[in-house]
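Order of writing sets the labels: A, B, C, D, E, F, G and H. Residues in every chain begin at 1.
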Amino acid sequence: MNNVKTVYKKSEGLTDKYMTYCPGCTHGVIHKIVAEVLVELDVLDRTIGISSVGCSVLNYDFFNCDMQQAAHGRAPAVATGIKRVRPNSIIFTYQGDGDLASIGIAEAIHAAHRGENITIVFVNNAIYGMTGGQMAPTTLIGQKTTTSPNGRDAKTQGLPLRIAEMMATIPGATYIERVSVHNPQHVRKAKKALMKAFTIQKENKGFTLIEFISTCPVNWGMTPKDAVDWAVDNMIPYYPLGVFKDATVGEEK
Amino acid sequence: MAKGRIIIDIERCKGCALCNSYCPVNILDLDITTTNLKGYTPLISTDPDKCIACGFCAIMCPDSVITVERFIKEAK
Amino acid sequence: MISEKVIIAGFGGQGVMLMGQLLSYTATAKELNTLWFPSYGPETRGGTANCSVTISETDVNSPVISTPDSIIIMNKPSLDKFQPKLRKDGHLFLNTSLVKDVKLRNDLNIYKIPANDIAMELGNLKVANMVMLGAYLEVTKVFDPESVLEVLKKKFTGSKATLIEINKKALEAGKQAVL
Amino acid sequence: MSKVLMKGNEAMALAAIKAGCEAFYGYPITPQNELPEYLSKHMALHGRVFVQAESEVAAINMVYGAAGAGARVLTSSSSPGIALKQEGISYMAGAELPAVIINVMRGGPGLGGIQPSQADYKQITRGGGNGDYYLYALAPETLQEAVDLIKEAFDIADYYRNPVMIAVDGLIGQMMEPVDLDREVPKWDLTPKTWVADGNRKNRERNVINSLYLDPNDLENHNLHLKEKFDDMRKNHQRYELVNMKNAEIAIVAYGSVSRIARTAIEILAEQGIKCGILRPITLFPYPKKAFHALPKTVKDLLVVEMSTGQMLEDVKLSNECHLPVHFFGRVGGIIPEAQEIVDKVLEIVGGEKHE
Amino acid sequence: MSKVLMKGNEAMALAAIKAGCEAFYGYPITPQNELPEYLSKHMALHGRVFVQAESEVAAINMVYGAAGAGARVLTSSSSPGIALKQEGISYMAGAELPAVIINVMRGGPGLGGIQPSQADYKQITRGGGNGDYYLYALAPETLQEAVDLIKEAFDIADYYRNPVMIAVDGLIGQMMEPVDLDREVPKWDLTPKTWVADGNRKNRERNVINSLYLDPNDLENHNLHLKEKFDDMRKNHQRYELVNMKNAEIAIVAYGSVSRIARTAIEILAEQGIKCGILRPITLFPYPKKAFHALPKTVKDLLVVEMSTGQMLEDVKLSNECHLPVHFFGRVGGIIPEAQEIVDKVLEIVGGEKHE
Amino acid sequence: MNNVKTVYKKSEGLTDKYMTYCPGCTHGVIHKIVAEVLVELDVLDRTIGISSVGCSVLNYDFFNCDMQQAAHGRAPAVATGIKRVRPNSIIFTYQGDGDLASIGIAEAIHAAHRGENITIVFVNNAIYGMTGGQMAPTTLIGQKTTTSPNGRDAKTQGLPLRIAEMMATIPGATYIERVSVHNPQHVRKAKKALMKAFTIQKENKGFTLIEFISTCPVNWGMTPKDAVDWAVDNMIPYYPLGVFKDATVGEEK
Amino acid sequence: MISEKVIIAGFGGQGVMLMGQLLSYTATAKELNTLWFPSYGPETRGGTANCSVTISETDVNSPVISTPDSIIIMNKPSLDKFQPKLRKDGHLFLNTSLVKDVKLRNDLNIYKIPANDIAMELGNLKVANMVMLGAYLEVTKVFDPESVLEVLKKKFTGSKATLIEINKKALEAGKQAVL
Amino acid sequence: MAKGRIIIDIERCKGCALCNSYCPVNILDLDITTTNLKGYTPLISTDPDKCIACGFCAIMCPDSVITVERFIKEAK
């Protein structure tokens, strides 16, 4: 007989609650690695997560740490409020592209501007999931959504915003990276990025944001696997992966 | 012989079929003969013996459905 | 005088909303008063969903149906929720492909339809809802299936037109199931 | 015209198009999403403007700009989104800009829930923005009435140069009913908009859209001018419906979907020999005080029914002027009251008197 | 303790520090700027937090976060800034978070003016956010009272787990008066904050701060729980002052600075042989209905005086329950009523009866 | 005797109203060149200016064209609202750094994101003027303001935001330049930048923003000339002048 | 019994606010009741400004002074605004350096002080306000100038301490101007 | 002889002394002998004959106080 070693199981950073995401939505994958990193850094007990408004609104039920649910777009402000009074805590916000890039762009920018010592997990799925698939600032040109029924048109709806690139220009930000979770290798890379971000926070080195290329199979109208492939073929070319700012390696700050 | 095995928490599975596309030995499929309590067709391993315990399926599963165990040969 | 209150309930994705809408569209085509009202469970996705349809020759007042005349039940949680509300001698249409081993009231007219199985036989699981609808129409005689098909034809244009045939078959199969 | 079956949100959207709405600016929020979605497709077909704003705050300020440029303009949202618009709405009232704002109410406070509710009554009728102002607020009970009132609302907004709020609960937004979109609605007597700042200044002086009055005397005059408008609304444009009031012994006061449920309740009550009428406010501001004067002498009690903890109660008390006892029944949090619950409450009230 | 001369805004800031306020988040706006300016210097000296937020919207959400983490927290603004905070305030009420919010009111609507005003009465007492909630709202008339109430307000907020609003007009923010900052104020019976999500989770289960209840049954229960709190405020914590009521024939109802002007008016009236009292609400919510029951029988008329077009009138009518005739005098737009104007109005009212 | 030729006089783009700015405040200089450009492009009659909230709030009295006064920070949204229904009009917003960089950053970014065909005149004086000299997002490190009484401290108040640089990363923006008005030569350059921006708008080529380095002698506590010199010595090094994006010269759009 | 209501008005920058505050600080030091209240004209900058100061042994009620006992007038627009309000036999202190050729009521006690000129002679235009204050104190005897100087000493510390001497001189010069 | 002249709208002037620092021939100063209606010490040209009509003062004046005229020699 063989002995067994568990090489993968549900993270203790997650509760046992059944997650309410649609089947195959990569929100779940991102949740897992956030949870794993918090456990591996041994900070779960002093972490406060901020749920934002979007499909992930209920993740105060899923992350196994203190949680605060924030108004739409305001998670970085809520995070600021907490971190300033509880500087020993580890704070992350978890925000969709409607939440962060649209209604909440001011709060995200100013948290970075002030150099708040928090981590933003930014989930870019190029659409508003929860409300039924409306156009997001990150919706690609030609992409059909319920409010761009003929496909996003640059002339009337503009060109998609690149958040990581924009945030990287903010002098107060410490670390900005864009990652993807479209295969196990990239999930591991993404987890490394999160590890770096939370480590920076743990060492009081300032503002970090990890942008995730994510999917919305339901509102994109695809199977989960097709959605992942679509993200690779369409999103990553416009939203290239990589580190956009790292103020821990030299000058800047 | 299998290098390890996966344990599928059937009631958590949403039958999204994301995991199986990443299985290098192609042994994962949905079990269309059944539905779980939530109404989904859950995952099944069609050939457990081939499992190499790479964990790809588990890593990719959004719902932490899969636990992966590696068999360790005991020193005889 | 037509006066029918029906609640249709199941998992999100089983097409319960469409069933109800078809009834309301048909009523509108016949210049009847009607009201369709959806309700989703607390879960973001994959939870239960139901809709209430009132069809009446007089004005429709309350959009909420407290005591339905009929209920069409596509899954188990929905049975638990709506069976108690059904009026005495009301019609209960049960998708027995998914709802098995359950306790049923004995003051009801109960129709057991293995809708998923029938739909699978027809070649498309998605038409299970139309199977149930066929059964419902046959029992209640609210409308004849042809009127509903007329509406379907107007809705399913272009590439969807090919679906009409299978929907027709599903309605018919539902009818057969309760004959 | 024959009727078409439409979802409330879509019917309201189409009604706006029929009313000549030139532009929509809004931000997604449940349970009103079908409204902007419908417009995103159809406004362009009519050569009109649809913009999904970055937020409710931006949306209401876009509305401000377009209204200031003379356009007929619409926005819609649901409860927390309306809360975010309060500053902008106050600015519009201050700068005297017309627009139609649809609030498809959901449960609160905060993020609350997404089920139907009437918990924004205070927010709608008492303004949530700063300063002395009101919105003209209409509360339809059917899709047909919603459609008709929205068509008229653009006229009302232009007439008063003030935002008009259409207050519907989530039920009305989500339900489908057959509606006639081409029914005639009253036309208001409108004068040309000579005050607009639209950059088309061939034959006129420059125009300024503004709500700032640094000199308190000027601001006082402005405030008094605004008050005159609100007083005029109160005097001349209250709307309500009295249902089944003949010989009624009790009157239910209810608006929106709740009044429909009350209609079912009074049918049940009639079967039990109880004469119950409905006083249905159609304008929430100006509140239909006149309706209370019009009640028959037979009415001995008022029962307010709301999907809130009793926000309309105060208006009822103020209008009733201590004449009749006022009772209350409410369900909250997205729970829709059932007709039987209302019946039971009525029986409880008239009960004591009945069994004399 | 000896008194120090301070500007209202600065005294209020210092009062908050004395009350153990751990953090301030705010955004500049006239006429309350000296408050954050004072704190920007002094909070750090006390090892506390001062953050100038990017906007009022951000500020109130920072307050939400800090309150959710268990801190005593303050924000302040003026009318349009409060309008912007409505969504956040509604969230705080929904998530049951304590905080103190100071509104130094200016004229509106919109940008309005920067002179003193009471035109936010509706915004303060009826909530401008969505959903069924209220703020506990205090309206001091002197700097000493402002200081004392602010010190107590933090306790009240913690006690009820609800935001407390300090409503002052610009006059109180801008004036200087001698104040004793160390006066004893009532201590409320507070229990440890076991509900906080502060990331300090050694000996407890995880905590969640939230206002979302997707199941309408849960939301209804939550709403009813909140209503109980508001009912408790109404029942047990109304505050008011009756001035000069002995044998008074008329009572002026006025709060904040206006009640001070009324004090001068009743002195002038006394010289003319007219007995006039003042009913001064100190809580705007819960409105001090009890004060109206406590009026002596000699009072034959009520005169409401406000720096608004009459926003408090409704509460007076509701509290008065049709017993006495209610009159009104108001100045708006930043104009401060003069004592003589109030005197004249009183004479006009009692005049008819006098010259019998 | 000599004939005379008027080589400089008050622009017809300005009304005769006495401007309410403090003595020597460069807001006035910027007003003048905006007005001159509108006259020279012959668009005054179809221009709508948007006054924002700040010292320039009353400029609806000063610019001799249709004007709308916007809520604090929302001028780009108001501009969007107008431009969409009146596409033939020429629209500019005039916004301070509190207005645009702080409370209004979301509206500015999203007007650019949508590629609105408007021009933003952004006046960066590193402070909140109207409300009495509070810290702005553009306040320099060490600069004393009424809310940074000991000088802005990077640790608690972050590093100053660079708006032109940030806006230049937005794909939807067409032209972004930073200018200064500290001497006649730079005033001329600044005017040229405005001319370019309004010309782009006139030709329907999209979103333009000109950032002005400006002064606030009163709240900086300096004479007007010292203020101008301080801006040159302290602001321009952190906020370098130049064109940050010009999508009219090639690729991008 | 002390009961004094004074309005001080002039251009922004003439130091009218400080004058009023000094009176209130002195009152506070003497444990009197006092209230200082500022008012700015509608112009953003450079407009007129005024403050109202009440000093009393009893409670101060209305912060607004309808009928001042004294007014200190630093420029012409302020005279137009406040002269009509001054009570009969009230004290009007006029900075005649800036307010010339004006119509004055004849039921008042009027004191003409060329405050700017006097201040210039003392070497600092900024102390014109203190010149006016010296005159005011001398006439009304509300406080002696020493008490006011005491307050000034507490306010002007550090680098500003050097300013005390000239302020003292200004107070004295104002006193002389009305002797 | 002057190449041109400046016309100072004294009542608009705020005496800010910004313009004079840019005058290349150094002929601008504030006239401390007078105040205008707003209470400001207005600008004066101390030596009008030296004016070269460069317009620098006018360009820099925030309040459009200064009009600049250039003298044009008439063809005899």
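Throughout what follows, a contact is a pair of C-beta atoms (placed from the backbone, for glycine too) under 8 Å apart; a residue touches a chain by one contact, two chains touch by 3 or more.
Since this is a predicted model, take the numbers as computed values, not measurements.
Steps from subunit C to subunit F, minimised over paths through touching chains, total 2.
By number of C-beta pairs in contact, E-F leads when G-H and E-F are compared. Between the Cα centres of subunit F and subunit G there is a gap of 41 Å. Subunit H has its Cα centroid 60 Å from the Cα centroid of subunit A. A separation of 27 Å divides the Cα centre of subunit F from that of subunit H. The multi-chain contact residues of subunit F, meaning those touching 2 or more other chains, are 21-23, 57-58, 69, 71, 102-103, 105-106, 109-110, 113-114, 130, 137, 157.
Across the assembly, subunit H contributes 14, 38, 40 as residues in contact with two or more other chains. Taken residue by residue, subunit G touches two or more other chains at 43, 46, whereas all remaining positions touch fewer. Listed in rising order, the residues of subunit F touching subunit E in the complex are 53, 57, 69, 71-73, 98, 102-103, 105, 128, 130-132, 134-135, 137, 146-149, 157. Residues of subunit G touching subunit H in their complex: 11, 46, 75, 98. Residues of subunit B touching subunit A in their complex: 4-5, 12, 14-18, 21-22, 38, 40, 53, 55-56, 58-64, 66-74.
Within the complex formed with subunit B, the residues of subunit A that make contact are 1-11, 14, 18-19, 21-29, 31-32, 183-184, 187-188, 217, 223-225, 228. Contact residues on subunit E toward subunit D in their complex (touch as defined above): 57, 79-80, 82-84, 86-87, 90-95, 105-115, 117, 119-120, 122-123, 126-133, 210-224, 226-227, 308-309, 311, 314, 317-318, 321-322, 331-335.
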